[in-house]
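Per-chain numbering from 1; labels A, B, C, D and E assigned in written order.
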Amino acid sequence: MSNESSGIGLGSDDAEMKRGPLGRWVNKAIKNPDRAYRSMFYVATVFFLVTTLFPFYWLLVIALTPNRLISNMGLLPKGFNPEVFITMFERVPFHLYMFNSFVLGITTTVIVLLLASLAGYVFGRLRFPGKSFLMLGILAISYFPPAAFLIPLFELFTGNTAISIGFITVSSPDLFNTPAPMVFPFSALFLPLSIFILTTFYGQIPDGLEDAARVEGTTRLGALFRVIVPLSAPGVATAGVLTFIAVYNEFFFSFLMNNGEASSWAPIVAGILKYQGQFDTPYNLMAAASIVGVLPVAILVIIAQERIVSGLTAGALKE
Amino acid sequence: MATEQQSGEALSESRRSGPYASAVNWMEALSETQFAYLLLTPALILLGVIALYPLATTFSMSLFADQLTGSARLGEFVGLQNYIDLITGARDFALPSAFLPTFTTQFPFVTDIYSSALMVTLIFTVFSVLFETLIGFGQALILDQDFRGRRWVRVAIIIPWAVPIVIQGMIWYLMFQPNIGFLVGTTDNPALLNQLGFIGTTPLRDTADSLFLIIVADVWKTSAFMALLILAGMQSIDRSLYDVAKVAGASRWQQFKLITFPLILPTVLVAMLFRTIDAMRVYGIIETMAGCQTVPSLSCLVVTTFNAPLYGTSATVAFITAGIIGIVVSVYIVNFASEGI
Amino acid sequence: MGDVKLEHVSKHYDDVTAVDDMNLDINDGEFICLVGPSGCGKSTTMEMIAGLTIPSEGKVFIGDREVTNLPPKDRGVAMVFQNIALFPHMDVYDNISFGLRLRNYDKEEIERRVNRAADVVQLEGMLERMPDEMSGGQRQRVAIARAIVRNPGVFLMDEPLANLDAKLRVHMRTELQRLHKELDTTIIYVTHDQAEAMTMSDRIAVIDSGQLQQIDPPLVCYNEPANLFVAGFIGSPSMNFLDGEVTEDGFVSQNIDVEFDPANLGVEVGRDVTLGIRPEDVYLIEDEHLVTNPSHEIDAMTDVLEPMGDEIFVYLKLEEDAETHLDEDAVATNDQLLMSVAPDTDIEEDKDVSVLLDRSKVHLFDTETGKAISHGIESGIQASEPTGTEAESDD
Amino acid sequence: MGDVKLEHVSKHYDDVTAVDDMNLDINDGEFICLVGPSGCGKSTTMEMIAGLTIPSEGKVFIGDREVTNLPPKDRGVAMVFQNIALFPHMDVYDNISFGLRLRNYDKEEIERRVNRAADVVQLEGMLERMPDEMSGGQRQRVAIARAIVRNPGVFLMDEPLANLDAKLRVHMRTELQRLHKELDTTIIYVTHDQAEAMTMSDRIAVIDSGQLQQIDPPLVCYNEPANLFVAGFIGSPSMNFLDGEVTEDGFVSQNIDVEFDPANLGVEVGRDVTLGIRPEDVYLIEDEHLVTNPSHEIDAMTDVLEPMGDEIFVYLKLEEDAETHLDEDAVATNDQLLMSVAPDTDIEEDKDVSVLLDRSKVHLFDTETGKAISHGIESGIQASEPTGTEAESDD
Amino acid sequence: ISTGGGDSDDGGNGGTETEADTDTPIDTEETTEDITIQMAVDTRFGDAEAEIQQALYDAGLPENISIEAIAGSQVTDNRQAQYQQWLNGGREEPVLLMMDSGWTVPFIARDQLQNLSQSLPQDMIDNIENNYFGASVSTAKGADGDLYGQPFFPDFPTMQYRKDLLRNAGYTDEDFDTWATESMSWEEFSKITKEAMEANSDIEYGYTFQADVYEGLSCCDFNEFMTSWGGAYFGGRENLFGPIGDRPVTVDEEPVLNAIRMVRTMIHGEDDEHALDGITGDIAPEAVLQWTEETSRKPFTDGNAIMHRNWPYSININGADDVFGEDLGVMPIPYGVTPEEAQYEGTGGPVAALGGWHFTMNPNAPDEQKQAAVQVLRAMQDEQFMLDVFEIVGWIPPKPDLLGSDRAREVPVIGRYMDQLRVAGENAIPRPVTVVWPQQSGKISQEVNNAMARDKSPEEAMSDLKTQLEQIEQSAA
């Protein structure tokens, strides 16, 4: 329906935006409240842009200032040192850390989305006994500070947990310095959030569409992945982005589950901290590294946003 | 239609056999409850091994005394003594700050609100979640609009969420470091924020000032989380409902209040719920900006005792923290229940 | 293969009984129309056949197989949903080919079928549109196409033509009939359009409040309605009803009497009965020659005229001060009579006229139970049992 | 207050022109039906009047005010949407009272009005249901109630009765008419139901491919269609068309000739014309007495019979080997003729019959432009200009 | 599954691994097979891995042994936690661990390190005991007096100053030469600083140091102030490493209070309620209360301060030719009272807090690894190696003798200040690391910072601190 007036705001008088002196503008604003709304909108946009981007600008300022000169900073870099973006790779194989983080992030995200999709479907669309209890139980896992998991998980993943089945005692495998001891805990720890997000989104998809898919011949799972998931694209993409970013930047677990080397699947934050000496901190390198490190995420967001912002349910149902 | 394929459908149906097909058929034949539990199995197994088992282990650790010498990780079995000590304050000496505040009968019902981990955490939680929700809402409303360049605005608004906490801490730490950042001045030469009385000239050593700045830093980073989720909620609303509302005479505000808001409320609640839980467990940004000694949050206590290493105490603090979070969360649960999720 | 049977099927929602002990026996290859007032349980019945709703009680069979708990995909049904339910994230082509793709048909076959279906529903050239770029009728046609590309044993169609214009509807009707013949599948069809129900179906199932009232060929339902409900529901505008009593002389009511011999019809004197007569069976006295078995002359006054193009509806007041009910809700409006006359009839509002009834088209019903007593008086077609199959659920 | 005017309004989508230079002048208090084939632009027109879609070109006026860019809420319109679009998070009561609550009516007033509207649409006792607990027809009624609780200058109703059964539809029709009279508002109404359009509207606007074809009172549209499109579209089943040529003797075609004096009708000899005749104006030779101005006798053979209850449609083959087109899409099917006869007519399939046309009901159209030349031959009603207002957009 | 509870026999080690033998002798024969040993080190070591390995070979490490540096996080807390998990979890790698002298003791106390006294050849032990910086060695010893780590390099802060600025205030190279080895008193120091500030009005800060709420305050900056005034946390040097619970807590005594008063005076001026007589006030910015090493160094390097207390790493930065070059002066930390006046044995005078790192051995490592590790440790004892490392990374040789060597003096920049460093090293005071130090350190830095920031009076803060420290002492007694 009426694509033209999409969204809850903004009429469509784009063309009129940039004309006329202030007086005329005010006049118009009174006659046409849309105008006032529009200017409010722009003010708010600019405000948010400034507040969110300013710290980044500051980061860039720090990156471009030679470390020695980082002192008494103003709004402009003191000196201009773009080589920092090369130095940072010379000092630490940062790209390898980025790769590690990326792989960890993607793997975890896939696992989380898959498991959370199944669980979200169950919680969002099915009725069964024990539902509230299970949901609360899953939620309760996220009440615990991550430190509460550290020791047992470390032992589990370094081959120190023995499981006795009858006479046989199986020791857990030593997975230290592999992705596994990070991917699994991340998956478990970020799972509750995704489950809850997807539960709300899947729950909102009209039954009619699932019905249609099932009559067309899908199984319940088929309907989930062919119809419900695509239609919940904003929710799924959001859950994915949130999980990915969280894993990409995780450090609390990852620094204990490997020895911090790029070759041992240490993630990006380990890389950033590698720049740091015991006392001396090359803020410029760390800033540069974080700017570079954020780029893949920005790209991911650009890709995912088309999904995040895509009102898809239009035109589906007549009801 | 398709006369030639008289038996088309039947044919393809018979073609589908074998283990995959029988698994599918078996699943389809399950009752709703069975099916539900089947689909939950992978998630439950993962959570069981990676979350429940460690928690059980940690819980048993909380029943033992700390042990600082010798090769044993834990001391003797003490039952619930750790819990009792922590709640009565008898263990506060081992923590960066008191765990629970000293309660009084006068407003604000505690003495020195910044001196206990619980109060610091609650203050942080209330303000950060409140502002993140409001700002996230605002950002989502903007991102929901169609305007030129919105994809870039969207990236800009989301990107703080992509900054590692270490760097987030560094950004703000440097900004509020006298003689490095420009947001803090000296007594003789105060910066704007100093003059306005928001912060002192050494804000990162002062609990109240640091807490304020940490909240600001957290809001900066985490509003994006809220914005993303709320935006996704808004995007999932059938646009034709707005058409109906518009024709019925709803102003923008009314459309928001009567349609957008109720329809995204479940999403907002989920977002707030998880933000609250996360905020109650705040640690990283504190550590990187001001240190656990200055701004002792509940998680700070867990981590410092863990590193000390007072494993028994640490496990106990972790469990009590979880309990406190559980209490706070039950506020939401009540709301959830009324939202019918 | 495609026979469908419902055995004592009920569906209860929290506080509503949507379908109430329904027994339905549909033969393979039959074209059945479900009709009934809004909310009577038609869609729920369809959903239970499709497997989307599990009956609270009773069993569903498709082709000798009990399918009560079978998932929809294994029932071999295709459905056009009342709410259309297009997949909004797929373009028309993908929507239509969805079921085929699920079954791994090869690409050309899919394309051939989709194009043909699009052709049938006249959507050629729109295959790349997204659902939200289409008009209501176009969406509905996509939904029809999505069902007909497949080759199921049973088609379920829930008001598939509701949003189509008359011409297209006629076209679709023909296409569906052709399809039905070609594929020889069972079609269960919900419609509110009497013409559709009359022309397309082998049998019409009339449902009220979740209960099956009658299932019979269209003309039987029209001419020999099993009860008051069916009589009133089938036919538009609907039958006139007059409450009265059986006397020795026949039917006696406030304004109209119709003579007959109660014994002939096997109805006791003194019983409360309702007389039903369709508008087209009421004639102006001038047209008496058209009627083989006319009743007494009845004096009336024309009230409102509704010219319909091919006929004119005339509302007659039987009493001076009768109120006009243009809507025929009340089961019996004793002081009013609706008549349809040819469009070129010379008639005006608010004039006195004399009319008569075609006695061979007069229906008698038991006022209390609603059951039909007789269809036609003199020629004496007895109550429906011999020809029509009255649903047992009627009480 | 409530007059609505569209001035050269167009709406283009990326690749489609939904509405094309539409001029529409609707008077205050008028009841206008928009009819036209699926996808012709009816809903788009409505949306532009409501303000949900901004026209690509042209201006919209409501009550002397230009509203082209005014937001919907300031236009004083209420609308029933084709896709119903109930608020899923509100119960029926809240859905219906939505517009009233927006305007801060006081509680009792809201309750009073909602109850009344619920009464009108027969949804009493369902006010606490949620939309997903209702049947399709019930939802549609909620949507209607949501519009009629308000008191706007203009009602826009996009197929509001599509999902209702015949009886309810008649009821709703009456209620809407009553409402129309009571409130004296303008109603713009989209329907696919000819009966609805015929009985309810003051004027019917016939649209095709986004262009207005004719806007006239129902009977004018029926009897004096401005062009081939309108003639074919209005009336169900639709008019028979025969392509032929004007000769000295009148109309000559493959199978049927109709005599007339070309000079009389002001039509040059040799012009290609299409003759139109409605099924009810084709008579069996036996019924000749009913026709005042019969044509020659025409030999034909009955093909399919479609008994409709109150009439029978008879498909006549004019040639031995004519194919049966049950669907009347082709504008002119020279070898076939559809006739409607009374239900008690003695007629069988595949029999030779003689039929004749009512010459006073014969329509002539220019084959090339489609414009009407004359309606009725002998009595000589000339082309539509004098009575009907043909839309100028026709080319 | 063991949950890690229970008595000390069971250990917390998950129950699968046998009790690590921390004190069995290791075969010290040279291995002949090619072997690579993993060493957990820091990034600076990691960055110079190849050069250091070469230096090891030069020092006699058999060529069949190569090293693999695992350059862990430089954030010392993270490293500590990491080692904690590794050793507790019984991991076999890495064999050698580079450990902060500030937290080696707790590892020893938890039996997590190889007892080098028992397992290394006596000559190596003797060399460490006799020739290394005594303070450093003391932080590598267990309660039993055995050695568990081999000091790798020590770290001692000094006072850096700007000769050019002091010249403006009338001081001469002669003065500078004196100061280089003869520490001055805090009174004098504050006076000189004030003079220099007045003589250089464009310079923003006088004296900059680190007083943020962090380990650096309790272990080092304040430790220096306090000790130089003759005070101590636990009454004198002999109690530094215990016995926990059986030693006095002496933070509320006058020397400690004086140290706080002095800092308050420096920051807040002589008018401060708790100013210390004799100290010239207003020479340190309030910002020190939030500064750590780097943040305090920035203004100094930037030319915005006169005096700056920091670790030797910053000498290399500030003494670089493009910074201050020869104009950078270095002297030992000033003193409050002389050792003679000091209340406790071993306090007073120009103390320098002891930093630096040791190498310790993972007892869980396989024997052949340990065997190779011994060879590495032996090579590290080579004096040329120490000097090589000093050249490569700038790490001060752990043997005081070497500080006077010609080779050391030839090292660019820092080589100029060997005398000052030697004085500092000789007066180094270790932090009182015990198993409870992590808890105590936090409390100390918090209270001291509060007192310095005037949030509390020195007396109040220190008596609060005393209570807390005593509780901690008691809890672990």
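Throughout what follows, a residue touches a chain if its C-beta (ideal position, glycine included) is under 8 Å from a C-beta of that chain, and two chains touch if they have at least 3 such contacts.
Since this is a predicted model, take the numbers as computed values, not measurements.
Here the chain pair with the top count of touching C-beta pairs is A-B.
Comparing per-chain C-alpha centres with the mean over every protein C-alpha atom, the closest match is chain A.
The greatest centre-to-centre gap from subunit C, using C-alpha centroids, is found for E.
Note on chain placement: the centre of subunit D and the centre of subunit E lie 95 Å apart, centres being C-alpha means.
Subunit C has its Cα centroid 58 Å from the Cα centroid of subunit B.
With centres defined as mean CA coordinates, subunit E is found 41 Å away from subunit A. With centres taken as mean Cα positions, subunit D sits 59 Å from subunit B. Among the residues of subunit C, those in touch with two or more other chains are 71, 73, 82-83, 103, 133-134, 136, 140, 150, 163. Annotation for subunit B: residues touching 2 or more other chains are 28, 57, 61, 73, 179-180, 238, 240, 243, 246, 263, 306, 311.
The set of subunit E residues touching two or more other chains comprises 1, 4, 13, 81, 298-299, 304.
Across the complex, subunit B meets subunit C through its residues 1-3, 5-10, 12-13, 25, 28-29. The residues of subunit C lying in touch with subunit D in their complex are 13, 16, 35-39, 42-44, 82-83, 133-138, 140-141, 158-159, 162-171, 173-175, 177, 192-195, 198-199, 218-219, 222, 232-238, 278, 280, 306-310, 326-329, 340, 343.
On the subunit B side of its complex with subunit A, the touching residues are 24, 27-28, 32-33, 35-37, 39-40, 42-44, 46-47, 49-55, 57-58, 61, 73, 135, 138-139, 141-147, 151, 153-167, 170-172, 174-175, 179-182, 220, 223-225, 228-229, 231-233, 235-240, 242-243, 246, 252, 255-256, 260, 263, 266-267, 270, 273-274, 277, 280-281, 283-284, 298-299, 302-303, 306, 311, 314-315, 318-319, 321-323, 325-326, 329, 333, 341.
Against subunit B, in their complex, subunit D makes its touches with residues 47, 50-52, 71-73, 77-79, 81, 83, 85, 87-89, 98-99, 101-103, 146, 150, 156. Remark: subunit B residues 238, 240-241, 243-251, 254, 258-259, 262-263 touch subunit D in the complex.
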